[in-house]
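Below, chain A partners chain B and then partners chain C, in two separate complexes.
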Partner chain A sequence: MSKPHSVIRQTITTPIVLIVVLLAMAALTYAFGSRAFNRTAIEMFINIMVVVGLYAFVGNSGLLSFGHISFMCLGAYMTAWLAIPPVMKSITLKGLPGWLLHTQLPMWVATPISGVFAALFALIVGRIIMRLSGIAASIATFGLLGVVNNVYSNWDTVTGGQGSIVGIPPTMNVWIGWLGAAVAIVIAYLYSISRSGLALRATRDEAVAASASGVDIVRERLIAFVVSAFIIGLAGALYGHFLSIVNPGSFYLRTTFITLSMLVVGGMYSLSGAVSGVVAMSVLIELFRNLEKGVSLGGVTVGLPNGVQEIAIGIITIIILIYLPTGLTRNREFSWRGWPLQRRLAPSVQTALKEIN
Partner chain B sequence: MTAVLQILFDALSLGSIYALGALGIAAIFGVMRLVNFAHGDFIAFCVFAMLWPSIDAAAIVFAGRLPFYLLIPLLLFIGAALSMLSEVVVFRRFRNANPATMMIASFALGFVIRHLLLMLYSSRPKSITLWPNLGLPVEFLGAHIPMLQVVTIIITLAVLAVLVLFLKRTRFGLEMRAAADNFTMARMLGVRANGVILLAFAISGMLAAAIGLILATNSGTADIGMGANVMLIAFIATVIGGLGSVPGAVAAGFLIGAASVVFQATLPHDARVFRDAFVYGAVIVVLLARPQGLFAPKSAKQRV
Partner chain C sequence: MSSGGLELVAHEVSVQFEGLKALSEVTLAVPRGRITGLIGPNGAGKTTLINVLTGFQSAGTGSVALEGQAVNGIAAHKLRRMGVARTFQSGRLFRDLPVIDNLEVTGVGLGQRRRDAIAEAQRVMAWLGISHLAGMIAGALPYTDERRVAIGRAIMCTPRYLLLDEPAAGMSEHESHDLAVIIRRIAAELGIGVLLIEHNIGLVLELCERIFVLDSGEIIEVGSPTQIRNSDAVRHAYMGTQQDELLPVEEAVAS
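Here is the complex of A and B:
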C-alpha cells in the first residue's frame, strides 16, 4: 500500500507542462518570428497573465467577475506614473504629487509595485464587494469597472484623461513576456493548492456545506480577489511597458469580454483551460489576420475581405461553446499521466453552477 | 419650478429608454436565465436596417423613408425576426449550459453582428433624419420640453400597458409568467418550452427595435456602438430590480435614469464629469443593501 501523494506531487506537473510549453513557444518566436510576430507573442503572454489572474478568482470562486480589467488599468497607470521620465511627467501629468513626479523607476521595480498597488486596491474594495454572491457580485464588479474607468478617463491632471499618456520606456521582449506568464501561472497554481484555494473551491461547489464546515466564504473570496488583482496588476504594468502608452479606453468592456471569452473557451475552472483558451484564441486571431492579408496560391493572392476576421472568430467561439460548453479542456488539467487526465475536480463542477444561477 | 420640471422630464425620458432596455433583458432572463449581451447590437442592427448598406458618410436612407405607420411595424418585425433567429440558430443549443457559457455565447453573437454591421456600413456614424419636427420644444407649465421626450415617455407607458395586459390577460402571457416562475413545472403542465422562449425573444427583439427608433430620432445619427451603453445600464437595472421581476426591471430602469439626471444636475461643476462613477457607486451601494434586488420575486430566493 503506497501512501497517497502530497497535493504538490499530484498536481505539480500542470504548471510545469504549461510553463515549458510556453517557453518553447517563446524560444520559437525569438528564433524564427518576425518583429510583428514577436509583438503578437508578447501580447499573447500578457493576455495569459490577465486570464490566469481571472482564473485565480473566477475559477476558484465560481463568481463571474467583470471588474478585473480595472486592476489592469490601475497597474498600467501606476507603471506610467513610476516609469515615465520626470521631464515628460511634469508637462503632461501636473497633478501628480511631488515625490511621484520626481521619481523614475526601472521596469523591474515599477512592475511589482504596480501589482501591489492593484492588490491593495482590491483589498479595500473587495472587503465591500465580496459580501455579495452570485449575479449581484458580478454586477458589483461591473460597477467597479465603471467607476475606475470613469475616474481614469476624466481625472485629467493625474491620468491624462481620455487621451493617452506616452513615454513609458518600451522594454518588453518575448522573454520578459514569458517570465510574466510563468510568474502568473506559479502564483495562480500555488493559490489554488493552498488551504484558502481549496476552501474557496469548496464554497464554489457547495456553499452551504462549506460554510457549515467552518469556511469563511467572504474571507476566502477576498484572498482570491487580492491574489488575482496582483497578477492582473502585473499584467497591466507589463502592458504599459509593451505599448509604451496607456489610455483608459483599452481597459474597458472590449478587453473585459475578450479575456472572459478566452477563459470560458479554454475552460473556466482549470488553470490549463485559462492558458489554452488564450493560446487557442491568439492562434485563431493570428491565422485570420494572415488570411485577411492574403495567401498566395500559385501566383494569385487570395485574401478574405476586411472584417471577416472578427466575424469568423465570433462564430468559432460560439461553435466551440456549443460542442464543448465546459471549454476546450473541459475543466481538466494537463498532466503527464494520460492526457488530459480526468481529475477528481471534474464531476463536482456541475454543482458549482447553482450559485451563478 | 421650471428647472425641476425640466429635470423631471429629462429623468423620465432617459429612464424610459433604460426601462425598455431592462424589459428586453428581463423578458429573456425570466424564461431561460440568459443575460443577452447581444441586445445592444440588436438595437444597432434595427437602426441600421433603415439604411442601405454603403460605406459612404452620407447615409442612403432606405426603409427609413417609409411613412411611420409602415416603418414602425417593419422595424418591430425586423427586431423580432433577428431576435428569434438568434434563438433558433444559437441559443437553442445552450439549453443546459452554464450561465457563464451562455453569456459569453451571447457576447460572441453580438460581436458577430457588430462586425457584420461594420463591414457593411463602416465605422463612421451616419446622420439619419426621422421625423425632425419631434425635436421641437413644447411649452408645458412654463418649461420647454422637447416633443420627443414627451413622445418617448408616452410610448414607454403604452408599451408597458400593452405588456402588462398581455402578461396578465392572455394565455401566452400566463404561460410566460408560469415559465418565468418555475420552468420545469410549467413544462410539466403543458407549456411548450420552445414556444415560450421564442415568444420571449420576439418581445425582446421588438423592444430593441423600439429603443433603436427612439435613439435614432433623438441623436439623428446611426452609430454602431449606440446600443451598447443602453444594454449595460439595462443589464444593471435588471439585476437591481431583482432578476426575473418585470416590474422591478422597469422601476430600476427609471431609477437609474433619474439618478443619472439628478447627479448631472446637482453635482458641483468639477465633479460632473465623474457622474457615471457616482451612478455605478450608487449601484454597488444598492446591491449591498439589497443583494436580491429591490423587487426580488419569491422564486429568486436560493433554496438550500
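Here is the complex of A and C:
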C-alpha cells in the first residue's frame, strides 16, 4: 500500500473497457446492420469523438464550453480543402491559395492535419479566453462559435458560403469510425491521468487553493483546450469524409446542443460518462427517428409528427438530470471491479479517474 | 534579527476595499525556522495580510519582500513555487479528489512528475501521521482530518514559509495540542518560517516567539508572549470588540 503505485495500472481498465465495448458494437453493426444502420453507427462514433473531446476540457476544468463545435467546423473544412479533387476545388473554391488548390491528400493524412489546424487555432484564441473565469469564459466560447460560424458562412470564395461544398471522398466505414473513437478515448484518457489533467481537476474543485498549490490555472486550462480542440478537429475531418459534403449549418447550435446534452446525460466529469451519454442518446435519437418515419401496426402506419424528436430528447434530458443530476454514470468510471467498490464510498462524491488504493 | 535577512517581510503595506481600510501601513516579518503569531479580533485584517503575503491580494501601497527580493505583484502560484505556502481559513480541500491527490496536486504544481509527486505525498502523509487517510475522498473527511490534510498539502516539497490561517478553529483542546506538536516540528525539523493566525490565543502564546496584534488594520502591539499578556492595548482591543474574546487571554495569563 505504501509503495509508489502506478497511475496507469490503476486506471487503464476504463479506456480498455470502453474501446472493447465499442469494438463489439462496430463488429455487430458490420455483421448484421443494414446500410442505414451502418451510417447511424458511424455517426455515433463521430459523436463519441466530439463528446470525448468536450469531456477532455469540460470534464477536467468544470468550465462549460459552447464553442467546441467550431473546432469541428475547422477540422471539416480543412479536410474539404485538402481532400477534394483539385478539378472540383478550382471551380467552387477559387479563393484558396494555389498550393492548396493543387493538393489532394488521402484521408489518413488530411485528418491529422485537420486536427492540428483546430488545435493551433485553439492555442491562439485560448490564450485570451482561458484568462476569463467561470461564466465569462463560457460566454466567450459561445462568442467563438458565432464568429467562426459567421466567417465560414460568408467567406464565399474559400468556404463556399452558406451552401455546401461537395466532393470529399466518402471513405468512411464503421471500422474507421470505431478507430476514430478509440483514438479520441486514448488521447482524453492520457490527458486525464497527466500532470496537467490532475492539476486542472484541482482547479475545478477549488481554483484558489489550486493557485496556492503552485498550479498555473490559465496554462493548464489552455493545454486542455488545445487537446480537446485536436480531438474535435479530428472528428470534424471524419465527419467531412462521412457526409462527403460540408456546410456551416452542420456545425452550429443544434450540434452544440445535442453534444452537450450527451455529455451531461452521461456524466460530464467522467470519460465513461462521455461515451455512455453518446450511446444512450444515439439509441433514443434513432428510436424517435424511426417513430417519426412511422411504424406499421396491422396495415395502418402510425407516425409521430416531425420535430417530436428534438422535443422528446429535450424532455428526456431534463428528466434524467432531475433524477440523476450527475448523469447516467454518476460521474464514475467503468472498470472490472470498480463499480461495486466505489459504490460503498460516499454516494455524492464525484471524481474523474480517481485513484483508490 | 539573527537570521540575517532570511525572512518574509511585509513593509508598510496598506490595502483598501472601496473606502474600507483593511490594512494601514502594516509591517511584519516572518523569520525562517521560527513561529510568529498574528492575532486580532474578527475583521482586523489578518486574512487580508496573508493574502498580500501570498500573492492573492495586491498591496495598495507598501512592499513585500522574500529574503531580500521584492515580490510585489507576483502571482500566487509563482510565489508558492518560490516557497511561500499557506492554508485557508475555510479549508478549501479539493473535495472530489482523494487525500493523496490533494497533496499530489502541489507536487505537480511545483513541477514534479506524477510518480515523484505521489512518492512525496506519501512521505509527507507518513511524516504527519495521516497515511491511513490516503484513499479517502477529501470531501468526506471529518473536520480535524481536513485541517491536517490542508497542512500536508501546504508542506509538500518543504516550502520556506508557511502561513496558517486559523488551523485550530473548531478543534477540541486535545486536538489543538496535537496540532501544536505538528507546528513545532514544522518549524524545528523542517526549518520553515511559520506565521500562525489563531483565535485560540492560548495556542499562540504557547507556540510563538514573537506575536503581532492587529486591530482594524493596524498593528497595535508587537512582542514576546509575556509582553502581549501584559499589554493594555491588546486588552482594550479585545474588550472593545468582543467581550468573550478576553477570556482566552485571561485564561492563558492565569495558567
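Just so it is clear, the second predicted complex is superposed on the first by the 317 of 357 C-alpha atoms of A that agree within 3 Å, B and C clash if a C-alpha of one lies under 4 Å from a C-alpha of the other, contacts with A are read in each partner's own complex, and residues count from 1 in each chain.
Quick note on the criterion: a contact is a pair of C-beta atoms (placed from the backbone, for glycine too) under 8 Å apart; a residue touches a chain by one contact, two chains touch by 3 or more.
Quick caveat: nothing in here was measured; it's all calculated off a predicted structure.
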>> Between chain B and chain C, whom does A:329 touch in the aligned arrangement: first, second, both, or neither?
In response: neither
> With the two structures laid over each other on chain A, which partner does A:208 touch: chain B (first), chain C (second), both, or neither?
Replying inline: both
> Just chain B (first), just chain C (second), both, or neither: which does A:217 touch?
Replying inline: second
> Looking at the overlay, what does A:260 touch: chain B (first), chain C (second), both, or neither?
Replying inline: first
> Counting only touches as set out at the top, which of chain B and chain C does A:198 meet: first, second, both, neither?
Replying inline: second
>> Once chain A of both complexes is superposed, is A:131 in touch with chain B (first), chain C (second), both, or neither?
In response: first
>> Looking at A:244 after the superposition, I want to know if it touches chain B, chain C, both of them or none. Which is it: first, second, both, neither?
In response: neither
> Which chain A residues contact chain B in one complex and chain C in the other?
Replying inline: 208, 354-357
> Which residues of chain C touch chain A in the complex?
Replying inline: 54, 56, 75-77, 80-81, 85-86, 88, 92-98, 100-102, 104-106, 108-115, 117-119, 122, 126, 131, 134-135, 137, 139-140, 153-154, 156
> Which residues of chain A touch chain B in their complex?
Replying inline: 64, 128-129, 131-136, 139-140, 142-144, 146-147, 150-151, 154, 208, 253, 257, 260-261, 264-265, 268, 305-308, 310-311, 313-315, 317-318, 321-322, 325-326, 353-357
>> Looking at the complex, which residues from chain B come into contact with chain A?
In response: 33, 35, 37, 90, 93-94, 96-101, 103-105, 107-109, 111-112, 115-116, 118-119, 228, 232, 235-236, 239-240, 243, 273-277, 279-281, 283-284, 287-288, 291-293, 302, 304
>> For a test of understanding, state which residues of chain A touch chain C in their complex under the given definition.
In response: 1-2, 4-7, 193-195, 198-199, 201-202, 204-206, 208-217, 269, 345-346, 348-352, 354-357
